[in-house]
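What follows is a pair of complexes built around chain A, which joins chain B in one and chain C in the other.
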Partner chain A sequence: MNVYKKELRFMKSTMLLWVVALGLVMVMFTALYPAFSNDVETSKRLLEQFPPQIRHMLGLSLSVFFTYLGFYAYIFSYITLAGGVMAMNMGLVMLAREQQAKTTDFLLTKPVTRTKLFGAKLAAVVSALVGVWSVYVLMAYGAAKLFGAGTIDSEKYLVLNGVFLLLLIWFMALGMLVSQLLHKIKSVPALSLSFVFGLFVVGLISALIGEEKMRFLSPFKYVVYTDYVANGTIDVPYVWLAVASSVAMIVAAYVVYVRRDVKAVV
Partner chain B sequence: MNIFWKELRDYRKPFIVWSLSIGILLFSSMVKYDTLTKGGLGITKMVEAFPATIQAIFGMNGLDIGTVSGYYGVNVLFVMLMLAVQAGLMGAQLVAKEEVDKTSEFLHVKPRSRTRILSEKILAGLTIVVLLAVVTVVLSFIAVMQFIAPQEIAHILLLFGGAYAMVQLVFYGIGVCFGAALSAPKHAAKLIALTVFASYLLYVLINIQPAFDWAKPLTPFMYFDARDVLAQGALSAGYTILAGAIIVGSVLFAYARYTLRDLKT
Partner chain C sequence: MREIVLFQTLRKNVRGSTILESMKAAIKTTKLTKRYGKDIGIEDVDLEVHEGEVFGFIGPNGAGKSTTIRTLLGLIKPTSGRALIFGKDITLYGPEVREDIGYLPSEVFYYDNMRVKDLLEYSASFYDKPKKQMQTRMYELAELLNLDLNKKIDDLSYGNKKKVGIVQGLLHSPKLIILDEPTGGLDPLMQQTFFDLLRAENKRGATILFSSHILSEVQKLCDRIAIIKDGRIVKIESMKDLQHNSYLRCELELTAPASKQSLDLPGIYSLERTGKRITFLYRGDINLLTQALAKLQLHDVHLREPELEEIFMHYYQKDA
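Our next item is the complex of A and B:
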């Protein structure tokens, strides 16, 4: 429990900063909702002048965006991008904290096995992520109500945000694995930004070219938010893929962590 | 020139990785150009009548993906994002890493002035940035070659090459400035990461909500937006000057602070 508590204390200010950052991004986007719903009215009027077949085609996809959730599904991509950076940062630092502070041998001489250390650290980071996530979900709900979202389908809203938590865990696992595969972490932001933005761009391109194989590479596209809001469909295999790959990355990080050669500080 | 060569050698591997990833992305995207051109154009034209917010959410960005240049234009932002991440973080680390890794004492007891050290580091980074822009343009040429005669698209690709280089240099300059000027250089990487991220979000916001147009000078991703570059057939002169001013300003500030401030030991 000592390690767990200590880790959480280390992360306190980071968590607070990220709550503020996620809140800011979310409020900035949500504040556009009133203008967006005005535009929806204009669009509906425009739509009436179109020939019936086109109206039907466009109308179907437009109707998805006419609700608050449709709008949320759009801005959600950018919130998950920020969240991804946060989770990967936390995952990267989690096992490398001692290495950076050159206190690994101090920690490892204590009568605690590496397995226990790993468990306590993992539990601490997961708690931190769940904590930030819960605060975010509440803030986002409040902001939606504040900016006139009307009634929100609470089941879809929760599932959508549940996907966010899954993404956070995925990027944390990636961070943990990367931190164990590298000899030394030179810069946490450099690694997390390159990976998270890289995968985000992969997701954008996979959407542009509509290639299933590429979608597979970017966790940002495992669940297509707008599809879910429109038809309630989620590609279950992709959800399993996210879960399985997270577990695999955590296990791999564990295997390296318990066997790793620790350099003594001279 | 020891420091210059040392830095170049250090960044060789990341440079290759970045070139490869940008190449793979460009190729996998351009390969699909053919299949996309069939149909769908009528709808693009109709959606143009809709308000900007609706268009942005539909992924319409004023680019005609039915032409090679328009389709390539959609990818410009993705490439810029990746180049900006690379340039910004490299700039921040070049100078800050000595203090973070606690090697600044080792470096500064050598018979080299601070100005000299900073100059060699900046020059090394500049070389990488420019090389990466050149590689990106060459890869772009190869990626579009199968769809269009090189002489038809050369002008546009070179323009985009200029746009990449300018955006890279802006983030590189700001990164160098953070690394050299901050009294706590360990925060440099964090700050430049935040700068790149905020610039991208602002870019998205301006696209959704035209009421934010006044904020365009605040985000380098807007300076040479693919839509404007293709429409004007040139890089905006005003934004080129602004970008140049940011670059020169931040480098000068970096020199002014780095030669005077206390180094962390």
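Our next item is the complex of A and C:
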């Protein structure tokens, strides 16, 4: 479809930028792995210095940290943070692109329903996210092998990265909804950085104080990666929460998009 | 089909045309209303634009012209009332209706970093018309308007961006052309070309809805006009009647104090004297006016067509 292709083209440079950014973050962290894995005893003593709550908050698990997957579970938080910003950016811009370029009149007076437009744009952003995510997974695997990861439990690795994709969709949905609730977006990065970092900090706090009731507030803590790597346990209700809230946000964004009056640009 | 054969619109030319009763309305609104909370955007707007005519839509800024047009185009949802375009309800058949509409907005903005050609081809891709035909038309129009298709839109002047808007609105040969204050930014020569273009479109059967606050433009092109004020239609007249009722605004600067000068002439309204200036409105034979002016000791004379605002003030104060 013409809109789908055009939207992808609009996102081309963003996608490239984020592939590079995510790649750099991941390589930077992965390069640290040999330092920890080579001298497990010293590293263990170092980690034991941190109080258990802090370790829990940061995702530093003594039991699994020195396997590659455990290490990955630790750096994973930061990867998802970067990814969250990317996804929310894309979500914000998806529907607000016309508002920023003041081309709303151009697009919405075409013989196409807003539903179709929404669908095409959604498909384009999801495609872009899946594209970036796929490249990231390949890069991460490559880096892991490069820095001496040894054998990696592929099922667990894929599940972890699958959670990453879910988080990307969640933040995209949040971006979409926020873009429709605000009358004007002054700065896309400012919005996404505040929301994503804000939610990240909320997640850290909820882990620090160990308050289970707070956990649902931050998608960053829906899955406790170290627990999963250690025991294979995932709190499935939280996964469903992520899915359901993403769908709810997308639907809400859709309803506002279809109903809104487009006033003249003064 | 029989109705079309029986009731064909006869057109001679734009001015002095005779439009016979046309059964088909290009646009028909019934009590179209848009309220923003307590504020009225438009209220009970009843309009009927016949197929094939050039219909002017005039009013001061904020009167509701843009609101009406944006409602017809589906950008704004009406609070109440109905609008049919070529017989189809705009709320139920939005996309179908817009297939046959070419919209030329007052302010043109386009995606950054696109070439003119890319934007126009993107625009064309939405219409269910033969691609080749639209492409040919695109090149024709660009040539006519002197628009470089390979330039980046960011690099264009305001006037050239306006041209992109014109081509974008016309390349799919729409049955209904809606223009919202279209000539701002165009130089006089280009304005002329643009009007010729509109006349040509009208000749091939397109209906034109022309919204403007510039009376002279409306006078050049329109068969009938609707005047909107404070969200309500106050008058629908044919151009002939409007011209018959329009007048000149006159400002005289005299060499001697104005109170001493007399201007005895029928057809003078709203006469004001201040210091050495006399201002008034005149409706009638221009020769009688010049003869009367010749009797005065004048320093300077300004005669101009009234602003639409002034027409309202005079015309509707009378009715009130």
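We take it that the second predicted complex is superposed on the first by the 242 of 266 C-alpha atoms of A that agree within 3 Å, B and C clash if a C-alpha of one lies under 4 Å from a C-alpha of the other, contacts with A are read in each partner's own complex, and residues count from 1 in each chain.
Here is the rule we go by: contacts are C-beta pairs under 8 Å (C-beta built on N, C-alpha and C of every residue); 3 or more make two chains touch, one makes a residue touch a chain.
None of the values given here were measured: they were computed from a predicted structure.
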Which superposed partner A:Y141 touches (first chain B, second chain C, both, neither): neither
Which of chain B and chain C A:P111 touches, first, second, both or neither: second
Touched partner set for A:Y4, first chain B, second chain C, both or neither: neither
Touching partner for A:A101 - first (chain B), second (chain C), both, neither: second
Chain A residues touched - chain C or chain B, whichever exceeds: B
Chain B versus chain C as contact partner of A:Y238, first or second or both or neither: neither
Doubly contacted chain A residues - partners chain C and chain B: none
Touch list for chain C against partner chain A, complex: 66, 70, 73-77, 94-99, 101, 103, 105-107, 109-112, 122-123, 125-128, 168
Chain C contact footprint on chain A (complex, rising order): 2, 6, 10, 97, 101-106, 108-113, 259, 261-265
In the complex with chain B, residue positions of chain A that touch it: 25, 28-29, 32, 35-36, 39-40, 42-43, 46, 50, 54, 57-58, 61-62, 65, 71, 74, 78, 82, 85, 186-190, 192-194, 197-198, 201-202, 204-205, 207-211, 214
Complex contact set, residues of chain B against chain A: 21, 25, 28-29, 31-32, 36, 42-43, 46-47, 49-54, 57-59, 74-75, 78, 81-82, 85-86, 89, 93, 97, 100-101, 189-190, 192-193, 196-197, 201, 204-205, 208-209, 211
